[in-house]
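The block underneath contains the structure these notes are about, expressed in C-alpha cells.
Letters A, B and C mark the chains in the order given here, with residues in each chain numbered from 1 onward.
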Amino acid sequence: MTEGRGKRGQTVVRCVEVTKRFGSFEALRKVSVEVRAGEVVCIIGPSGGGKSTFLRTLNGLESIEEGEIHVLDVRLPAGKREIERLRREVGMVFQSFNLFLHMSVRANLTLAPTTALGLSKAEANERAKRLLTRVGIEEQIDKYPGQLSGGQQQRVAIARALAMEPKIMLFDEPTSSLDPEMVNEVLDVIRGLAESGMTMLVVTHEMGFAREVADRVLFITDGQILVDAPPAEFFGRPTDERQAAFLSKIL
Amino acid sequence: MLGYGGQTESHDRTWGQNALFAAFAIGLAGLLAYQVNWELIGSLDFSVVWEYRLPLLKGLGTTLFLTAIAGVLGIFFGTILAILSQSPFAPLRWAVVAYVEVFRNTPLLVQLIWLHFALPAFTGINTTALESGILAITLQAGAYFTEIVRAGIEAVPKGQWEAAYALGLPDWTRWTRVILPPALRIMIPPLVNLIISFFKASAILSILQVSELMTVTNRISNVTFKPIELFTATAAIYFVLGYIMSQATLRIERVLQRSQR
Amino acid sequence: MRFETHQLAQHYPLLFEGLRITLTICALSLAFGIVIGLVACFGKLRERGIAYRIAVIYIDFFRTIPEVVLIFWVYSCLPLMLSLRISAEASGVIALTLFASAYLAEIFRAGILAVPRGQIEAALALGVPSLHIWIRVILQPAIRRMMPALVSFLTELIKATSLLSAIGVAEMAYQASVLGSKTFAYVEFLSAIGVLYFIIIFPLSIYARRAERRLVSRTAN
C-alpha cells in the first residue's frame, strides 16, 4: 500500500476479489484494492477495459457477482436502503454531465438535498449558491442546462454532487465529452477539490492531470488492476508490458 | 426500471409494484368469481360459429374487400392530392388542405351517415349502403393517405431536389429515380399501418348493414340468440388477422431500418 | 334544395344534450383509461414475469380488435356473463375505457422509455429517494414528451364516442340521426354535428401537430 504525499487516513474503500459479469463477459475479474481517506486516485487504461464499470460498482450503479466492496460503513452488495444511504455520501460526476434537462440549475442542485437530506428550500438554496460560486458560475443559477456550455454544465454537475456534502467523489471521464478549450476550467475545479483534501477516484485520459494531482495511479485493463503505483513511478518506469504499450500510444 | 446495484435489488425495487399488481388481480378475480354466471359460461356452444361458417366467411370476404378498396383507392387519391398540394396555384392547395382536414377531424361514422342520408338531397342519386360505405371509407382513406404521401415527399432533403434540377433530369426521371424511392421508404410503414386501421374501421360500416363481418355477426346473433359465442368468435377473427398484419408491419419496418444504414 | 334552418332552431337543444353526453362519456373513459393504462404500462415495463405477459396480451388485444366489435361485445355479452344489468351508457364507458387504456398504456410507456438512462443514473447516484426520482426525474419530462400523442389520442377517443350511437347511447351522432329520420332534415342535422365535431377536434389536432413539431426540433438540437 502506497502512502500519498504524507496523507494518512482510514481506509474508506476496500474491494475484495470483486467480479462483475455482463452475461458471459467478465468486466471485472477478482479486483482487490484499497483507498484511504484524502487520497486522490486516478484510474487509467484503454477503453472497454473496465475502468468505468469499476467506478460504478463503488456506488452500486453496477451490481457485482462475486466478492465484496466496503465503502465507508456500507458493505456491498446491499439492499436498496443501504445503497441509497451510501449514495448520499458518495458523489458522482458523469462523462455526459447528466444534468436534469427540464430543471433549472438551481433545481438541479436542490433536488437531492431537499428530498434525500430533508434540507429546507432556503437552506438548500444557500448551499446551491455557495457551491456555484465555488465552481465559478453563480450567475447561471436560473438558467437551464441547454443554455450552458459543456464546461459550465460539467461544473454544475460537480456542484450538484457536492451539494450532498459527500465524503468521496467519483469522476467518470469528466472531461472526455468537452471541447478542448473547456477541459481546463473543469480540471481546475477538480484540482481545487483535490487540494481541499477530498477523497477522489478519477477515471481520466488526461495524463498531465493524473501526473500532477494523483497520489496513486491505477492501470486497469481486461477487467484487472495491473498496476497500482505513485504517478512518478507509474509514468517513469512502466513495469507491465501492456502499461508500456498504452503509455507509448498516449504520451 | 430504477436499477439498484445490490443483489437484493429485484426484491427491493419491485415489492411495492408487486403489491399493486396483486391487489389489482385479487380484486378482479374476486369480482369475477362473485359475479360471473358460470352456469351460462359452461353452457356456451361454439358449434354455432361452425354452423354459420359460410356466411361469416363471406362477411370476412367483404371486410377484406373493403380494406383493399380503402387501400388501393385511398393511395391513388392520396398520391394525386399530395402532388396537387405542391401546386403553385394557392386555391388548389387550400382545397386539398380543407378536404384533408375535414375528413381527418370528423368521425367516420358521421361521414358515413352524411354521405348515405344527406348527400342524395344534393345529388338526387340514392346510393346503396355498400356504395355509401365504399365512398366514405375511400374518401377518408384518401385524406389520411394524402398526409402520409405529402410527408414522405417533403422529407426528401432539399439538396436531392436541387441536385436533380442541377443535373437537368427530366420530370419523370426526377420523380421516379430521385424523389419517390427515398420517399416511399419513409411512407411504407405508415401506409401499412393505415391499411390495418381501415381493416378495423370497416366494421363501422355495419351501422348501414353493409354485410361485412360485423353486420353478419349481428344478424346471426339476432336469429340464434347466441351473442356471446358469435361476438367472441368475431372478435377473435379480427384480433388474429389484425395481429398478423401488425406483426408483419413491424417486420417490414425493421427490414427498412436495416437497409437504410 | 333548401337548408331548413328552422328545424335546427327548433331542435338544437337535443343536439347540445347529445354533445354533453359525448363529452361526459369521453371524460369518464379517459379518466378510467388513464388509471388502467398506467397499471398496464407498468406491467409491460417490467419486461418479464406474469404481470408483463398479462399486460402485453391486454394491450395487444384491445388495440387490435375494432372498437365497434368491442362495443357490441360489452353491450350484448358482458351483462349475460356477469348476470348484471348494464345500461347502454355504462357499456359504452366500459368499452371505451378498455380501448383507451390499451392505447394510453403504450403512449405512457413510450414517454417513460424516452427519458435518457443517464438522467435516472444521475438521480440514483445522488441518492434521491425512488418516489422523487419517479415524479421529478422520470414522469415530469415524460408527461411533457407524451402530450402530443395524448392529445392526438383524445381526438380518436372523441371520434370513437360516435360509435356508441349503434347501441342507442343518446350522444351527438345518435341525436342527429334520430332527428334526421323524424324530420327528414338529414342534411341540416348531420351537417350541424359534422361542424360541431370539427370545431372540437380540429383545434386539438392542430395543438398535437404543433407540439409534436416543437418536440422534434428540440430533440434534434
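In this text, a contact is a pair of C-beta atoms (placed from the backbone, for glycine too) under 8 Å apart; a residue touches a chain by one contact, two chains touch by 3 or more.
Since the model is a prediction, treat every value here as computed from it, not as a measurement.
Among the chains present, the centre nearest to the common Cα mean is that of C. With centres defined by CA atoms alone, the chain at the far end from chain C is A. In terms of C-beta pairs in contact, B-C outnumbers the other of A-C and B-C.
Annotation: 52 Å between the Cα-based centres of chain A and chain B. Chain A and chain C have Cα centroids separated by 47 Å.
Distance between chain centres (mean CA atoms), chain B to chain C: 16 Å. The set of chain A residues that touch two or more partner chains comprises 59, 61, 80.
Across the assembly, chain B contributes residues 3-4, 13 that each touch 2 or more other chains. Touching two or more other chains at once are residues 124, 130 of chain C.
Within the complex formed with chain B, the chain C residues making contact are 1, 39, 42-43, 45-46, 51, 60-61, 64-70, 72-73, 76-77, 80-84, 112, 120, 124, 130, 133-134, 138, 155, 158-160, 162-163, 165-166, 173, 176-177, 180, 186-187, 190-191, 193-194, 197-198, 201-202, 205. Chain contact summary for the complex, chain A toward chain C: residues 59, 61, 80, 84-92, 94, 96, 98-103, 111-112, 115-116, 146, 157, 160-161, 164.
Residue ranges on chain B touching chain C, taken from their complex, read 1-4, 13-14, 17, 20-21, 24, 35-37, 40-41, 101-102, 104-111, 113-114, 117-118, 121-122, 200-204, 206-207, 214, 217-218, 221, 227-228, 231-232, 234-235, 238-239, 242-243, 246. Against chain A, the residues of chain C that register as touching in their complex are 116, 118-119, 121-130, 132, 136-137, 140-141, 144, 221.
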